[in-house]
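Letters A, B, C and D mark the chains in the order given here, with residues in each chain numbered from 1 onward.
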Amino acid sequence: MVISPVHYIAVPLLAAFTIPLFAKIHKELTRIIPGIVLIYLTYVSYVLMSKVMTTGPIVEIIAGWKAPWGINLVYNGFSGFIASLMSIMGLLIWIYSYKFKKVDDEPALKFYILFLMMVAGSIGITITGDVFNMFVFLEIVGITSYSLTAFYRGRDGAEAAFKYLLIGSFASVFLLLGILLLYTHVGTLNMAQIAERMHTIPTSVKLSIFVMFAVALGIEAEMFPLNGWAPDAYSQAPGPVGAAFSGIVVKAGVYALIRIIFTLFDIEGSLQFLIVMGLITMIIAEVSAIRQTNLKRMLAYSSIGQMGVVLIGFGIGTTEAIFAAIFLMFNHAIIKGLLFLSGSFLVYNDDKKQIASLSRFGKKLPVVSFLFALGAFAIVGFPPFAGFWSKLYLLLAAADKNLIFLIAIILMVSVVEVIYYLRVVGKLYFGKEESKIEPKKPAFNSLIVMLILGAIIILVGVYPDVITGFIHNAADTLSDKATYISNVLPSL
Amino acid sequence: MFGDYQNVVTMSVYGSSIALILIGLYGVLIKKHLMKIVIGLSVVDSGVNLMFVAVGYIKGGTAPIFSPSVIDSKPLMVDPVPQALVLTAIVIGFAVTAVALSLVIRLFKHHNTARIDQIKSLKW
Amino acid sequence: MMNTYILILLILFGGAFAAYFLNKLAPILSGLTAFAATTIATILFYTQVKIGSQVQLTIGGINLEWGINAYSWLFSFIVLGLGTLASLYSIQYMQNKERQGYFYLNFLLSIGAMMGILLSHDFVSFFIFWEIMTWSSFLIVIYNGKDVKKIGIKYMIFSAIGAYAMLMSIVMIFAETKSFLISDFINLISTTGFSNHILMITLLLIGFGVKAAVMPLHVWAVGAYSNSPMSYTSVFSGALSKMGIYGFGIVMLAAMTYVSPTISENAGSGYSIISIEVIKIIFQWLGAITAIMGTLYALKQTDAKKLLAYSSIAQLGYIITGIAVGTKLAVMSALFLAVLHGIFKGTLFMAVGAIERQTGTTDMTKISGLIRKMPWTFIASLMSIIALAGIPPLAGFVPKWLLYEGLITSGHYFLVILLFFSSTAAFLYCYRFLFGLFLGQEEEETKNVKEAPASMVIPMMFLAGLTLVFGTYPGLLFKPIANAMEFVGMHDVTWNMTVLSNVWGDTVSLNLVSIAIFVIFISAALFLFKGMRGTRYVTTKDISTSGEIPTENENLTYQLDFFKPFERAVAPLYKRTMDKIYNAIGESLEAVFDFTRSIYTGNGQTYAIYVIVFVVILLIFKDSIF
Amino acid sequence: MKKYLAIFLLLIVGFYLIQAFNLVPFGANRVGNIDDESTVGAYYLKNTVPKTSVANVVTAIVVNYRGFDTLGEVTVLFLATTGLGSILFRKRKHGEEEERVLKESSQLVKIGSRLLFPFIALLGIYVFIHGHLTPGGGFQGGAIIATGFLLMLVAYKNYKLGHGALTWIESLAGITFAGIGIWGLITGGTFLENNAFPGLGNVNDLISGGVIPIIYIAVGFKVAAELTGVLDILLSIKPNKN
């Protein structure tokens, strides 16, 4: 059996269906199997990415029906990169959460199935080449996210999950309407064919369809004003899930939005729209973040803000800017992952997750605090950490298009970001008085994961060339629409 | 079949599904009770699903099943794709509703109320 | 040869991490590591590095170029020299303090970063090292855990504003030249004129101005200087602030000297009203105002650390003025002062650190009469204070002379008056510093104070000795300065080993001055010692006034209101306007932020309405939006 | 106030929806000429019978052409049950019996339900076994069976469902679906490829269409088990004390 992109979906699904049976043999298997699957997915990523880098995109046919007739998976530089990122993040977060105690208390069986499917669904969104299939995967991610957000009892998880579900339902309604309208006009659901037939749709209808898609996927990509659910969901979900939201789920949303804008539609104003929305999202989120007293909420707002910057990057639209934006997505996944993972140990025993409660934790939890500080430094873009390069590339791309005003705003917002992150770091090491709350010592496996993420941050920061090759390839792939169409529909 | 009443039928089929969507949305936006909001979501879903089926209809078409009686005559058939899609949409709608209901139960137990404007412990 | 730069940086950065981890074994080891790393780096630098050599690297698709030139060589003298001495000093100073590993990690990181800045020939590595320097110094500023929010965050806010202004400028420069090399930027402004690129230049100057504590951007400096451990402050104020001067010099000097006069300054740009002359005048005045305000605030301080911190700000003001005036003499004086300030302010902060370590305080109202207890510290401080005040024969006289001469010959009479006022007022705080700490009556509390250990005294004495050497033979410094000026395009700088001269032909032979002053000083000292024999020492509490015995808590120390009449005279200047403005801005921003985040009401339905409103807006305006 | 604002906004949304669908006349032939294969609908109508031997085109689309969607859909259901279980999970005290909120029904309802249940189940099974021939299929059949269980759950206060059996059915059905998919890969074809059997059989025979009916039967069982599971979980919630 040759390894192909469908393994990303098929194997986790098969595993998810089998886990309830294995649970009858031994409880521990429910935890181990998702891990094995994620290790396998990482291996799949390795094999497929090396194939993509050497021989070009892989288009896989499902059920033996060629491109416009059946569903197909497109694994090219961009989707492959994001999918690999997701599978690696998924694996790391699984290792981290393996003995995460609070997860252990609850029915672990369900947690790990849901988590596995959340990762698989996100990967599905990225690699699918069919609009309706994307909707199905979005719903898989949605259902798992709602359930995982409400996973802890005794917290406001249910409230956060309900808001998420409410807004998420709007997303699915608008997405369905958009897909329906699109289908009635082009008579197909295959993205490449839609893209190819897009010019046949009357402009006004096209715009309406675009509005529906943009709103639906904007909700998933945490675009303002559609992101009311995000801070709540991030802050109430279990720590590893928060990391997965920022490292995996949002990436899927942004990916879908970008795929729609760059490949499906040919609307000129959509890029400016992205810039403006990204800008507003960034400003409002960062400004809200600075006034937070809840650590997780602060991280959540920061995450939203970063997504805004990513949207700006894509909105600028040149290959360099897309490169910067993808680099930013990568950095955000790694760094915000580290921040969420280490942060959830810092506030582990504080039910209110207050920043004030981690005063002088630097002594009690030296490694975790150090890693949090590292993440904070990296995310605000201090060299020599990973965040710096993406910021630099983004600004260079913006300067190239002479968007001076935009640069100024991004940098001003960065100052805000610096303030609130360093405030936490200062608190960690030099808080006024020692916090009364006893911290929770991280288990070995969690520590390893955080150290790996920290090492990646430093490695990419010192020598970004380890990753830029892939990202350049991804950026080139995304900006080349004609090749996408001809890859999927060779006959046309 | 419908002749001159084409517009009326268009209005009634599309109109009713759009009306369902709007009524559902109204419930979601205005009703304070969580159950009503969930019901609103279901109504919206129904509207969208109805829209799917309506759009797939072709005047004079039969169901897209090649039963023994029609397999040779190849009559005009309606578009099968929206029907397949709507099946998926219905099931997904069901799943979301189930999760929503369970969340409502949790919320009601936690806050002892089901009014959405009183459940705001997470804000700013 | 090729890799010496990388090797030096590796030693410094690697030493930083080694120091951090060795702290776990024994704290003393990390101090020794820091000393060893800086020493080795210094030796390597001065034996292996030739001016003009370069090394190219490519990282992330960006070409970097590292090398040393005459101009950066001058500054490396401060960084490495002060770094080595401060790390030697730190070993004993930091003894018994907690988290030494953390301290030395950031200490070495910032020294390495400063070296990196000096080595960078391109803006990207310049910025990278600049940021490393910023955050490592931030981490030391908050090391005490005191007033993290007020001081540390303030420092970081200003640094971040500065750094991002610089970054913005860098990307704009890249967009224009497609190159990150600083030399290409100089080429750009020298071929297309200065005023066409006024925005990027202003932004760069803001970035450097923050570190150089220029007037409206100075509010972070006092807290940051006085809050870090003194062994670092000597580097912080002595060397790190000079990085601002370094960058400032690059832009201003290159802009002033390379822009060919044939280019029409006002050609085709929206900003054409602002020419280089305007920028020069602005910074001349900002520098002068900084000098005066720094001096005035220094007068008021009762804490020796803060006094020195304000004094640093004032001195940086002189330097800025000197560079901004831009004549050869002025620039020479500014660069001379830049090096010298590193020397004497380094010494003074070290001396204060020694006093803090031995007595536990630096409050001038609490301690006095340390001259007998800490004689070496006193001598070092005395010499540095003399240098600071600009009295011959010590080196401070030289830049002062040059600066006044430079200003007068270029016709900036009003600036001369301002600076003269400032340096006269500086005598007052210099005196107060000496008097408050060392002279006067001994306090009960300082009875058992001993001299600081040798490893702390030696760096101080060494630096103090340098002020004497450069005061007598300023030519030793003139030579590299002249080279540096040559490099930035100011040709034919004349200098003499021991003689200062002015355009009218008047000359001052510093040797003669030195000998004369030395003779006077010795005889005065002999006289004083002779006269002192008959005096009786009383403690500060040993007073009786009209038969009333003062209570314990009544402070009769007269250091408290030392310059009251003078302060009263200049009281209107003490309004701290900038602080107030910044605080007002901060508070109103916080209010705006709080208002903004109330968008997230917490009601799920409101969010749903947002979605619908957004949809409606997009649908209605879809034709104009897209 | 808010009410009128909402109505106003919704009317605008409605206006634009109508405007968008106005260009899609009701009942117009958008599939195009079937022989052109210009739309996917036309392709399916033309090729389903010759290429898959399935009479019901919708079934062919659901299970084969877009079988990947259906797999996802089944997963969504599965995840909904799992999610429900995790959201409403509560630790039971030792020996605590499940107790439903329902009232005991009358004898008439009980006996009536018991009488009806086999027929409902049979109907459901018929619907999904004939999914590739007649209208209906796995989802519809499964839903019908779940209705039968709902009837029983409502009628009997303490109707016991075999949780173990439900899990087995769910998992096995899921494994069958995903396994058939992977079988396609193993045999050198594509995922979910309809090549498990050498022949596709004759159109309108009960045994025809390759793996399509098998998948649909698996889906039927899975849907039935999952819907029943959801009902069971939602019914066994204890009310608040106050």
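Here is the rule we use: a contact is a pair of C-beta atoms (placed from the backbone, for glycine too) under 8 Å apart; a residue touches a chain by one contact, two chains touch by 3 or more.
What you are looking at is a predicted structure, and each value in this text was computed from that prediction instead of being measured.
Averaging Cα coordinates per chain and for the whole protein, the chain whose average falls nearest the overall one is A. Pairs C-D and B-C differ in how many C-beta pairs touch across them, and the larger number is found at B-C. With centres defined as mean CA coordinates, chain D is found 73 Å away from chain C. With centres set at the average Cα position, the gap from chain B to chain C is 69 Å. Separating the CA-averaged centres of chain A and chain D is a span of 30 Å.
Measuring from the averaged C-alpha position of chain B to that of chain D gives a distance of 16 Å. In chain C, the positions touching at least two other chains are 597, 600, 602, 604-605, 608-609, 612-613, 615, 619.
Within chain D, contacts with two or more other chains are made by residues 6, 9-10, 13, 16-17, 21, 24, 30-31, 39-41, 44, 66, 69, 72-73, 76, 79-80, 83-84, 87.
Among all residues of chain B, those that touch two or more other chains are 21, 25, 28-30, 37, 51, 55, 81, 88, 92, 95-96, 99, 103, 106, 119-122, 124.
The touch graph of the protein chains shown is complete.
Partner chain B is touched in their complex by these residues of chain D: 2-3, 6-7, 9-11, 13-14, 17-18, 21, 24-31, 34, 39-41, 44-45, 48-49, 55-58, 61-62, 66, 69-70, 72-73, 76-77, 79-81, 83-84, 87-88, 133-135, 137, 139, 203-204, 223, 227, 230, 233-234, 237, 240, 242. Residues 132, 136, 139, 142-143, 146-147, 150, 156, 158-163, 165-166, 168-169, 172-173, 176-177, 179-180, 183-184, 189, 231-232, 235-236, 288, 291-292 of chain A are the ones touching chain B in the complex.
The part of chain D that touches chain A in the complex is made up of residues 16-17, 19-21, 23-24, 30-32, 38-44, 47, 64-69, 71-73, 75-76, 78-80, 82-87, 89-90, 164, 167-168, 170-171, 174-175, 177-179, 181-182, 184-186, 189-195. Only residues 5-6, 9-10, 12-13, 16 of chain D touch chain C when the two sit together in their complex.
Contacts from chain C toward chain D in the complex involve residues 609, 612-613, 615-616, 619-620.
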